[in-house]
């Protein structure tokens, strides 16, 4: 009998075997059988991860989060405490379900208590502010806030807000020295920091 | 010794005996003694249902929901994941409590993470959007969104949004073939689908 | 072996010994070792209180609340059900954390499901409405609502909203007979009730 390369708190219920090395699952959390979780993740207390969810490497799932069937989480994602996910746009008790899965791309950060509506895709390195209600797709690197969530600027890979640009297209650099080309609708990483 | 006609997960604490046939209560949920829950309900994980709550038949209570004393839930209600309820308008530690119970009528759907203020009544077949903060009464069949929640249209019994009407009073039909009479302030079911 | 002067539910995990007389900690809640909780507090179910949190006397922590390292809670505070706290403004998986602790002063009430951003200080006897998203400092006695939270009036020590004043500076009295001097930016208790 080999020891698991991951940690499961004795008060958690973990039914999957597909968990990467170094990942930790804390107490009173439930991970169902058809779930895949990558390496070096941390799943907090009071979480529920339903069959059909896939989570990448180095993902932080803070306390009190339920992830529903079909949710796809990339690598290096941060899900803030008590963020709320769903997968049904028009739920009615007794009516058939129509799932619209949520997709969270690599490097995204979701603020505490933010709410992500069914079918939403959040692009790479976007940041969702605490308490935002995200009802539409979020562009890569965008910072969104409010109810409904609106774009308020652009975020660097490192998690800092980029300086705003006045003109139509321009180049900005973060204090971490990464450089971006920014237009009204897009933010593209041009160069990794030196 | 007869078997229960309902299911209680071994990690739940269920103190009431008043639970209908086919109802399931999942792990780490606590249902107090003076609670009544109807038949064919599903109460998710990490829920708390306080003394003095009544829940009808075929009600879905998703994960992480606390229902407080006095809350009344009708039949065929859907409470989305991590919806938040309360029953005190002016809470202060050390001051007497004045409860204002919440009433949720038959067929209502509450979106994920929506917040329902004390004393609010939500009328039959209304739908509350994900993350909405409901501070006032919601009319039957209304769709509400935002913080504070505002009316954004009308919902069919089947859970779909009804087409909007331009005039003062008009008749609209859902794709499920139910017909409604709609005015600025009201939506009435005229005819069940054929 | 002496009995504890406080109550811990058998399904809670409580690692600190620094808990005052009469305090109760309910099931499925976890209080870490370097936490200090005062007397006559009530910590509901499904809570998490991290190392480095300090909580005063007579504090109510309703269900489903996580308090993170550095959070300071005064006396007589009411934290409504499923209120959400955080301590990282720019979280990114894999990047160093920069904590900005939250400070909640004496007598504050936080509404159900309200969200408090990192680094926010909430002044004495302020009230945060249900579902508010608090992103900035809240003045003592202020009532705030909305996303982002904005000031909507002033609150008495007793938890009631004070009558509004028209002029620049004026004196108002609550039905509890406490009197306040109110300006556009400040509310000061002048006299305790007779």
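Quick notes
Each chain gets a letter, A, B and C, in the order it is written, and its residues are counted from 1.
Keep this in mind: contacts are C-beta pairs under 8 Å (C-beta built on N, C-alpha and C of every residue); 3 or more make two chains touch, one makes a residue touch a chain.
What you see is a predicted model; the values in this text were computed from it and never measured.
Fitting chain A to chain C on C-alpha positions gives a rotation angle of 120 degrees, to the nearest 5. At the interface between chain A and chain B, under half of the residue numbers involved are used by both copies, so each side presents largely different positions.
Separating the CA-averaged centres of chain A and chain B is a span of 28 Å. Under the contact definition stated at the top, the residues of chain B that touch 2 or more other chains are 28, 46, 64, 82, 113, 133, 147.
Contacts from chain A toward chain C in the complex involve residues 11, 27-28, 44-46, 58-60, 62-64, 76-78, 80-82, 107, 109, 111-113, 127, 130-131, 133, 145-147, 157-161. Contacts from chain A toward chain B in the complex involve residues 13, 28, 30, 46, 48, 64, 66, 68, 82, 84-86, 88, 90-95, 113, 115, 117-118, 133, 135, 147-148.
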